[in-house]
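Multiple structures follow.
In the two complexes below, subunit A is the common chain; its partner is subunit B in one and subunit C in the other.
Showing the complex of A and B:
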């Protein structure tokens, strides 16, 4: 053993493995720094962090209602109380439900909804789109026609029909959104993979005799995944918006501490001058969606500047 | 690919996709059991309900039911709308006209305001108008339509009473005939200014609320394509010729920036159709959205089916029309599968 790879000057001939990893992390760090340079992204991240804290520490912030913490405790002696009355910081609704309690426990439902739907649709959509792009031919054609069918109905409307059939409950809203949202990812990843497949390094890997699974895993997917990250971030906000619309319409259980359902509960009060229920609950939805939109836009500007505005 | 071939292929694919939509939605609606509830009344005996199921073929296997349903579709029979207590085909036209009027009004607002704001933002990049436009577009993308609608109701309906709920004042409504079902248009045909202003007063607030989300997309696209256009050489060339700034922006930059914006108009129409569900609910607008919400809560599957099909048809037609417009506006475009 004469000279180990580590003893050489790293700048000239580093070990291939180590350098690849270092470069990867250095690049990630650089992207991270660039993302944080945008003040709007930082605002978005801060709001998301606060919501996360709210969801995690919900039992400490508002004592859970027994037996179901996702039903507001009813204070029957303080119905339609304005903010600040009898310890209700943001007031109560027409059944004495505390608005702040609903917003705090609602953040858990929003988190559950968005994480479940985005994770599932991201994975499933990537699978479908990857199979279509890697296989090509008839399979591609068939899968993309199915995607076309899904794309021909606006998301909310498709989800509405599915949730309606499944029956009114929050978990059915999650199911309905998961059934609808994967399509975009399939389409995006398919387009990206077809582009990436023409790159020289993919041809090189093929010449070397790598299996197609390895080529896909090592060369294609990492280089095609960037737009997915942006889309997934934006969808963390989008699914909560659409989910809230569905529960506003009445597709969640009655009295659930979900933000859209809370806005709906305050609807009649609003026209009687009791503005607080709908206003605060809606504000929570706006902040949530706004935060993910800000971060998604910031990520897009750094990772994928060409697609700005789409 | 030749543009004509591409468009013909899209047109040929349209019925295929519609068939796909109908299969998926039909299977879904039958998945959870028989929709007999909407036809039955509470005091029917089990025998009577079984007879009812047999009459509507609900005791048959799903593919058979589907075939029967498609057969009905071609005969102009979309089933019985429980929430409207009438055949679907009898009421769908009126609902469609109501939603179309609302969506067109909102679409016009979204396009005009969106293009104007986007142009201004792109020209005054990083100045106050740009910041306003960006704030506007990100808020439009983050605000739930139903909440925005409720918030506007408080000042404009509750306090000022400028804009009433619903579609028209009954007396004024019955004073003219309604051949199109779009009340503003009907009033123009009837040459009745009173009816026209009444219809307009009902239309303005829901249309503005509905336009907000779609506007966000248009502002955004218009801004970024305007920024791009302003840095093009032809803009410099026009300036070098000594053309006044206004003309450079209007005739050169904006005309080119409008092209990419056309593509998102189809997309934003999807937002209008989705948003109409909540807007119609809040403003008591008797269109497709309000119709389907009551159908959803009542489990009225014939109505839900009809609604999804007609929405898909509208959405696809609009998108095809946008593609055609785009192909004619930009002859350089090369379209692919």
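Showing the complex of A and C:
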């Protein structure tokens, strides 16, 4: 682990009244400070923060459309108008939908997509990978062969197939992405656990006579989880990228304020010189994915210095 | 090794033993191919008999890969043995009983013996005794690992590491736990100020102290020290060793001290067991083993130990490298490397091949095929008769030639070799309380003299 100046301070000035909880939080803060030392990570975090604010305060930034706020309000008198015309800051698309509105409310959908898919795949993948690694033998073989099958199909094509079978809707995109993304976590955690299980502190815990669940909870998982955190951060961006691809192809409901759908809607106007719809929506996707990649890389450098520059 | 021969080779101690091993084996299967078929076994531990006397220190020495760490892990319950029995807390009489009854088929036992065997297995044998007893054994037998860096969970505070055994076995928590952990830390030379720190905030020696504190938390009787000082600086080593000696005197601990460093074990151990390729080759009181080893391997280990008291005799040296533990040599396992190996030590076809490859690679290249009828008989085929003659003359005068059933026979372009079969060496009592598995020592009662003819420049006896 890293030993910044903060850790030396705790080592040299022990105050007897400190509790174990404060010591542990001090250690976490120290890691946090280390992460913030990288300017690129700070840029990434800032972008994420701005998107979050946008999602949270969407009703204040753009008055919600009734009855469905995830459908842009139509201004039929201003179709395909460039940015700045008639109060449409970023212009309108070919059905008179406001692009800025689409991006603001689209951030809610992106956040929803990222959080749901990553949370689900992280938990499910970790469960599968942990069972495989902790049990070993036949169960490990069986689970890993299943994982191999999933891995052998390109994730975009696989997600596309699932979403196509389930029918076009936003929740089916979530399902399709969840079905694709969990395998990576299962692989990563399995490899890490097998490595950590060799450590003498696991043997020491067994000699002491602690239960396997406690050993998993206290010794194995905390020491194997670091690459998962990094991967989850990177996937927060990747999920939106692939999700946008799916709705670009038309697997989301028509007219949804989803960024990928917006890029798709503006596509036909591109040749006619109506660049603003696809560009601004595409920019939102790029910024979102870039921000999480910057943070993910920064986290990796601090938490897992051995894989630096991979 | 058959049950009969192993039961006769079990050495017992004339006091209570904390743990007694009977013909303990750990064989790891070697799997090959897509079907994962078992093609052989790595014999990490191969038939070990050992008794560890209560309150004493037993030093277990051997080079890396000889199985000493695996043996330690078997005793601590981390690795399940694939054969043999482990007994806890046997009296001197019970050790003799176990020794005797193991050689007897259960159907042939008298009713009294059968009852005795049943009691022994239910009360003292790992695997067949009650859960309560197993738990008690777990508490009583703790381990200090070699690598203090990897034996402490980097994410836990010292309080949680040292306090863990107390949490698990005594449900201690809160202020009570803190108090007990501080007591333990003070016992190993640390203090209350170290309670809320992470392992990375300590030096190697301090970490090993934390490791020792954890091992002592449950007041065990028996501690396995798996090379506890080999990862430490020499100056720190001495401190840790002194701490261990003090703790033993204070708490009446029994130690199994696993190490490759004879210098360390010489000062710590009451008895010493020398291990080579999964087997114990010599056992005896430390002073005596050091003064007059009864196995060539112990002698080599002792002589290779650097000393400040002038030049040691370096004539005793091993040749070659450790053989493949999947197919260990016949007879005495040391014989292909042994400086005093003789005809009866278990030479076989494999030895001819490896000896030729090592000593005369040119002749080895001329070998076309080898038809083995078994491990002791084979026909070696060459391109022409000249090569075959060259092969035979190369063997002339060597100890390999002497151990052959009849001299190697040249028939056209092939050579027939045929060795006398030798049964596997087993530990036997040479003198009172001193055991050796050296076949030649068993014949003569003392370690054989260095074979002058094998010496390049025989300086011995000056």
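Keep in mind that, in the parts below, the second predicted complex is superposed on the first by the 285 of 310 C-alpha atoms of A that agree within 3 Å, B and C clash if a C-alpha of one lies under 4 Å from a C-alpha of the other, contacts with A are read in each partner's own complex, and residues count from 1 in each chain.
In this text, contacts are C-beta pairs under 8 Å (C-beta built on N, C-alpha and C of every residue); 3 or more make two chains touch, one makes a residue touch a chain.
Everything numeric in this text was worked out from a predicted model, so none of it was measured.
K.L.:
Identify the partner contact of A:223: answer first if only subunit B is touched, second if only subunit C is, both if each is, neither if none is.
P.N.:
A:223: touches subunit C, not subunit B.
K.L.:
For A:167, select first, second, both or neither according to whether it touches subunit B, subunit C, the two together, or no partner.
P.N.:
first
K.L.:
Return first, second, both or neither, reflecting whether A:207 touches subunit B, subunit C, both chains, or no partner chain.
P.N.:
second
K.L.:
In this superposition, which partner touches a larger number of subunit A residues, subunit B or subunit C?
P.N.:
B
K.L.:
Per the contact definition in the header, classify A:23: touching subunit B only (first), subunit C only (second), both, or neither.
P.N.:
After superposing on A, A:23 lies in contact with subunit C but is clear of subunit B.
K.L.:
Could you tell me if A:199 is touching subunit B, subunit C, both of them or neither one (first, second, both, neither)?
P.N.:
Only subunit C is touched by A:199; subunit B is not.
K.L.:
If we overlay the two complexes on their shared chain A, which of subunit B and subunit C does A:120 touch? Say first, second, both or neither.
P.N.:
So A:120 meets neither subunit B nor subunit C here.
K.L.:
In the complex formed with subunit B, which residues of subunit A make contact?
P.N.:
Of all residues in subunit A, those touching subunit B are 145-146, 148-149, 152-158, 160-168, 237, 241, 244-245, 248-251, 260, 263, 267, 270-271, 273, 275, 278-279, 282, 285-286, 289-290, 293-294, 297, 308-310.
K.L.:
Would you mind writing out the residues of subunit C in touch with subunit A in their complex?
P.N.:
73, 76-78, 135, 138-139, 141-143, 145-147, 150-157, 159-160, 164-165, 168-169, 192-193, 196-198, 200-201, 211, 214
K.L.:
Could you list, by residue number, the parts of subunit B that touch subunit A in their complex?
P.N.:
These residues of subunit B touch subunit A: 13, 16-18, 20-21, 24-25, 28-29, 31-32, 138-139, 141-147, 150-151, 153-154, 157-158, 220-221, 223-225, 264, 270-271, 273-274, 277-278, 281-282, 292-293, 295-297, 299, 301, 304, 307-308, 311-312, 315-316.
K.L.:
Which residues, counting only subunit A, touch subunit C once they are in their complex?
P.N.:
Interface residues on the subunit A side: 1, 3, 7, 10-11, 14, 16, 18-20, 23-24, 27, 199-201, 203-210, 214, 218-219, 222-223.
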